[in-house]
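Take a look at the structures below.
Both complexes below contain chain A, partnered by chain B and then by chain C.
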Partner chain A sequence: MFGLVAQTLVNGINVGAMYGLIAVGLSLTFGVMKILNVAHGEFLMVGGYIAFWLFTLIGLDPFLCLPFVGVILFVLGALSYKLLFSGLAKFHEEAKVKNSLLVAFGLFLIFPQIARVLWTSDERAITPAYSGESFAILGIRVGYVPLAGLLVAVVIIFGLHLFLTKTYFGKSVRGTTENWKAAKLMGINVERTYLITFAVGAALAGIAGILVGMMQTVTPDMGMPWTLKALIVLVLAGIGSVGGAFFAGLILGIVEAVSAIFIGPYTMALGLVIFLLILMFRPQGLFGKE
Partner chain B sequence: MAVDWKKILPIVGILIFLIFVPLVTSRTDVLTWFFLTLLYIALSQSWNIIGGFAGQVNLGHAAFFGAGALTARYIWLHFGLPFPLALLGGAVAATLFAMLIGLPAFRLKGIYFVIGTLVLAEILRLVFYTILPEADVMPMKLLGTYSLNPRYYLSLLFAVLSVAAVYWVSRSRLGMGLLAVREDEEAAEASGVNTQKHKLVAFLISTFMAGLTGGIYAYYGAAFRPGGLFEPVWTFDAVIIVFVGGVGTIIGPIIGSVFFVLLKQFLSLYLPGGMHVAVFGVLFIIVVLFLPEGLVELITKVRHRLLGESSQIVS
Partner chain C sequence: MLEVNNIDVYHGDIQALWNISLRVDEEELVSLIGANGAGKSTIVETISGLNTPASGKVVFNGVRLDKEPAHKVVAMGVCLIPEERGIFPGMSVMENLELGAFTPQSRRVRQETFEFVYKLFPVLQARKKQAAGTLSGGEQQMLAIGRALMGKPKLLMCDEPSLGLAPIVVKSIFEVIRQIKTSGVSLLLVEQNVRAALGLAKRAYIIENGRVAGHGDAGSLLDDERVKGAYLGTN
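Now for the complex of A and B:
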């Protein structure tokens, strides 16, 4: 029994790290720009496919793909923002929030179809030689790939945290989150802050996509399920709390893994039910302040 | 009240044409296109009330469509009651469900309402794929006498009713209140509009209509998987049609539905399946950014320009 529970916990943490990574990007863009990017999962999908290409076409190790995918997705995110979202600035506050949601919804419609043309509907997985390998501690199997994925996620989240708290640009991001009008008056280039934040969010999603591609599979329609996962985590954590998002991701991963033992196929729905309950009774999230 | 024949005649003409379609042709593909267009008109008009007039972006419309369809199907086929009763039962089930969800859901403002409804439909989809994994097939006896014509007329009836309902809402005091809520909720509240009540009533009307539309689908589908009734595509198609056609207008969803079905059929001849969704995605973004009233606005603009120029030539 101990073995089963411990093994489940380890598996849950591994999956949770991916949840956390994708939710952090979504949380960042929502917190700073008040844009609910329902196309966030699409960036994850694109990241996964680019890593798949780099791996199968030129044989690049998926972990070495990280910087490439990060940069490509950063550019893609920046372009999307520049072309589509920056035009929304002309609307007043409420319309801006709603229209940005709708634009993201439009992107969500387009991306999977393009992916279907480029990569077909087949399930793709990134399988380097070591992908199935694992080692044992106290009889618990720990896979190399999930462990490395967890490390990558932790390092990236920690890096993001330092970036937001220690650098001057991070300060401007936090300032814009608090009050963009005041930030603008203080001489912060709000437009550029938005652009970079959105691009960083996309890059984070893309990197999460590599991990998903190694541990699960990549398909054109994977975007929406992952966006939903990220939304659950986001609401669990409290919207806009970056550090909280990562921990909430871990919690969701563990809860899902453990509950799978007891309620089997209803696990997927469980996460969503938790989500609705939180939304109704504690809308500021577990880690949010009133 | 003076009757404006210029406006009424074309409507009557279109209706007579639609009534005669099944008598003129027996091609099932043509009938199916018409059926789908009418079904989409009913579905998108139902979304239009909550999303277009009240301005509450409901991304979980499939939940109510599915609840109506599944209830109607069970009452009709599995409990063996007459179909009209089943249709009503489905709509009532969807509305009851909306009431259950609506009261807490409207405590969630703006973005939370969007996420909440999106997730709700997803829960139902997962649950029904799990508890009812097998396809629901019509009994052989019914399949033997299956005819598209009654399905077609039913969809025509409900498409007309849904347009009438939206017309009524747009002219009523309720509609005025909803517009006020959409434009500025706080200002509406301050000027004495009970915003919670308005939103809830709009939600109930909208979901009742979605439930009815689901009932039509339950009557039409020879076989489907219960979970599939809750697929987000039912929501998304409605949202796309309403926005591309013209959100918050009466004629917009009609134009949108015709355009959507036609383009879907046309593109499927030349492009790999599903590409019409991408085309509509692009259109959708263009509409949101540049044409807030969709194709309706485009048509009026073009007409004004043409008429304006021709009148200049005449003068």
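Now for the complex of A and C:
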């Protein structure tokens, strides 16, 4: 029994790190701009496919794909924001939330179709030579790829945390989150802050896409399930803390993995039950303020 | 230094300001007085670029401000301390002040400005690591003023700095405003506390229903029968 539970924990942490990585991007855009990007998972899908291309067409190692995919998704995110979302900035809070939902749902309809044209509906996987390898500690098998994925996620989250707390631009992002009007009065170009934040969110999703493509598969319709996971994690964590979102991702991953031992296929439902319970009893989330 | 010429401002379909004109000269302290909802805040928000006037213009040292976004207006040296202060509650006092010096020219000299602000408000130095939201109302107002000073303004606009503060705190805030004026910064002060506002200012404008209902020397306004009746309650 110990072996099973410990093994499940390890697997849960690996999946949870991906949840955390994608939730942090969603949390960032939602916190800063107050728009809920339900197409966030689509960026993950695109990131996965680009890494798949780089890997199969030019044989680039998936971990070396990280910076390329990050940059490409940053540009894609910036373009999406500039063309589709920036016009919404002038609306009041409620109209902004509603209209951004519509725009993002539009993206969610379009992106998978484009992916079907470019990459067909077949499941794709990024399978470098070492993809199935693992080593054992205390009888628990740890895969190299999931372990490296976890490390990548931790390094990125830590880097993002340092960026937000130590750099002038990062502080201006937090200021904009707390009070955009006052941020403008400090001389902060709020529109540019929005653009860069959205692009960073897309880049984080794209990087998560590579890791997911190595551990699972990439399909045109994978975006929405990941958006939903990110949303559950976001509600679990509460807005405003990068570390909190990542930690909540780990919690969800572990809960899902451990519960799978006992309730099998109902783990998906368990995530949604947690979602509802948190909304009912602690709407500010586990790590949120107020 | 600052000239506002015949501006009309709308909030959506509703007109908030009619044909407002006013000016602030170099090293001058000018007050805007008037009742709640008269449009005083809309005037300073328009000058700072948060609202765009439908007609008329705002000129600062010969440069048109009314077409510029708010962050460019700040970079030109016009800072607004908004009503309700607009501090960043989850960030530390020091981070709030750092963001005050966001524009490149003020960021370069921020170490000196920090010393100046800490000397003006020693309590901010004592609490620099504390989250700004945990400060008292008066300390938050000091932080808002200190943060605006970090931007090295040439013209500082204060919107209701005395709002919701205890009388003794109000007194010290007004004292600080007087000190800021002697340090060479021009001020545009929005106040409902008319007696105090007229006591500090050289000139004042009376705003009623989005229009300039009168202006003149602060001293003569204090003796004006209409001002006495409407705002000072001593008719």
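To be clear about the criterion, the second predicted complex is superposed on the first by the 290 of 290 C-alpha atoms of A that agree within 3 Å, B and C clash if a C-alpha of one lies under 4 Å from a C-alpha of the other, contacts with A are read in each partner's own complex, and residues count from 1 in each chain.
Keep in mind that, in the parts below, a contact is a pair of C-beta atoms (placed from the backbone, for glycine too) under 8 Å apart; a residue touches a chain by one contact, two chains touch by 3 or more.
Quantities reported herein were computed from a predicted structural model and do not represent experimental measurements.
Once the two complexes are laid over each other on the shared chain, residue contacts for A:Leu252 go to neither chain B nor chain C. After overlaying the two complexes on the shared chain, residue contacts for A:Met186 are found with chain C alone; chain B is out of touch.
Of the two partner chains placed by superposition, only chain C is touched by A:Ser172; chain B is not. Touch counts on chain A: comparing chain C and chain B, the chain ahead is B.
Contact with chain B, but none with chain C, is seen for A:Phe275 once the two complexes are overlaid on the shared chain.
Once the two complexes are overlaid on the shared chain, A:Leu107 sits against chain B while remaining clear of chain C.
Every residue of chain B that touches chain A in the complex is listed here, in rising order: 55, 57, 104, 107-108, 110-112, 114-116, 118-120, 122-123, 126-127, 130, 184, 232, 236, 239-240, 243, 272, 274-275, 277-278, 280-282, 284-285, 288-289.
Partner chain A is touched in their complex by these residues of chain C: 48-50, 69-71, 74-75, 79-80, 82, 86-91, 95, 98-100, 102-103, 106-107, 147, 151.
By the touch rule above, chain A contacts chain B in their complex via residues 34, 36, 38, 84, 87-88, 94, 97-99, 101-103, 105-110, 112-114, 116-117, 224, 228, 231-232, 235, 265-266, 268-269, 272-273, 275-276, 279-280, 283. Touching chain C in their complex are the following residues of chain A: 168, 171-172, 174-175, 178-179, 181-191, 240, 289.
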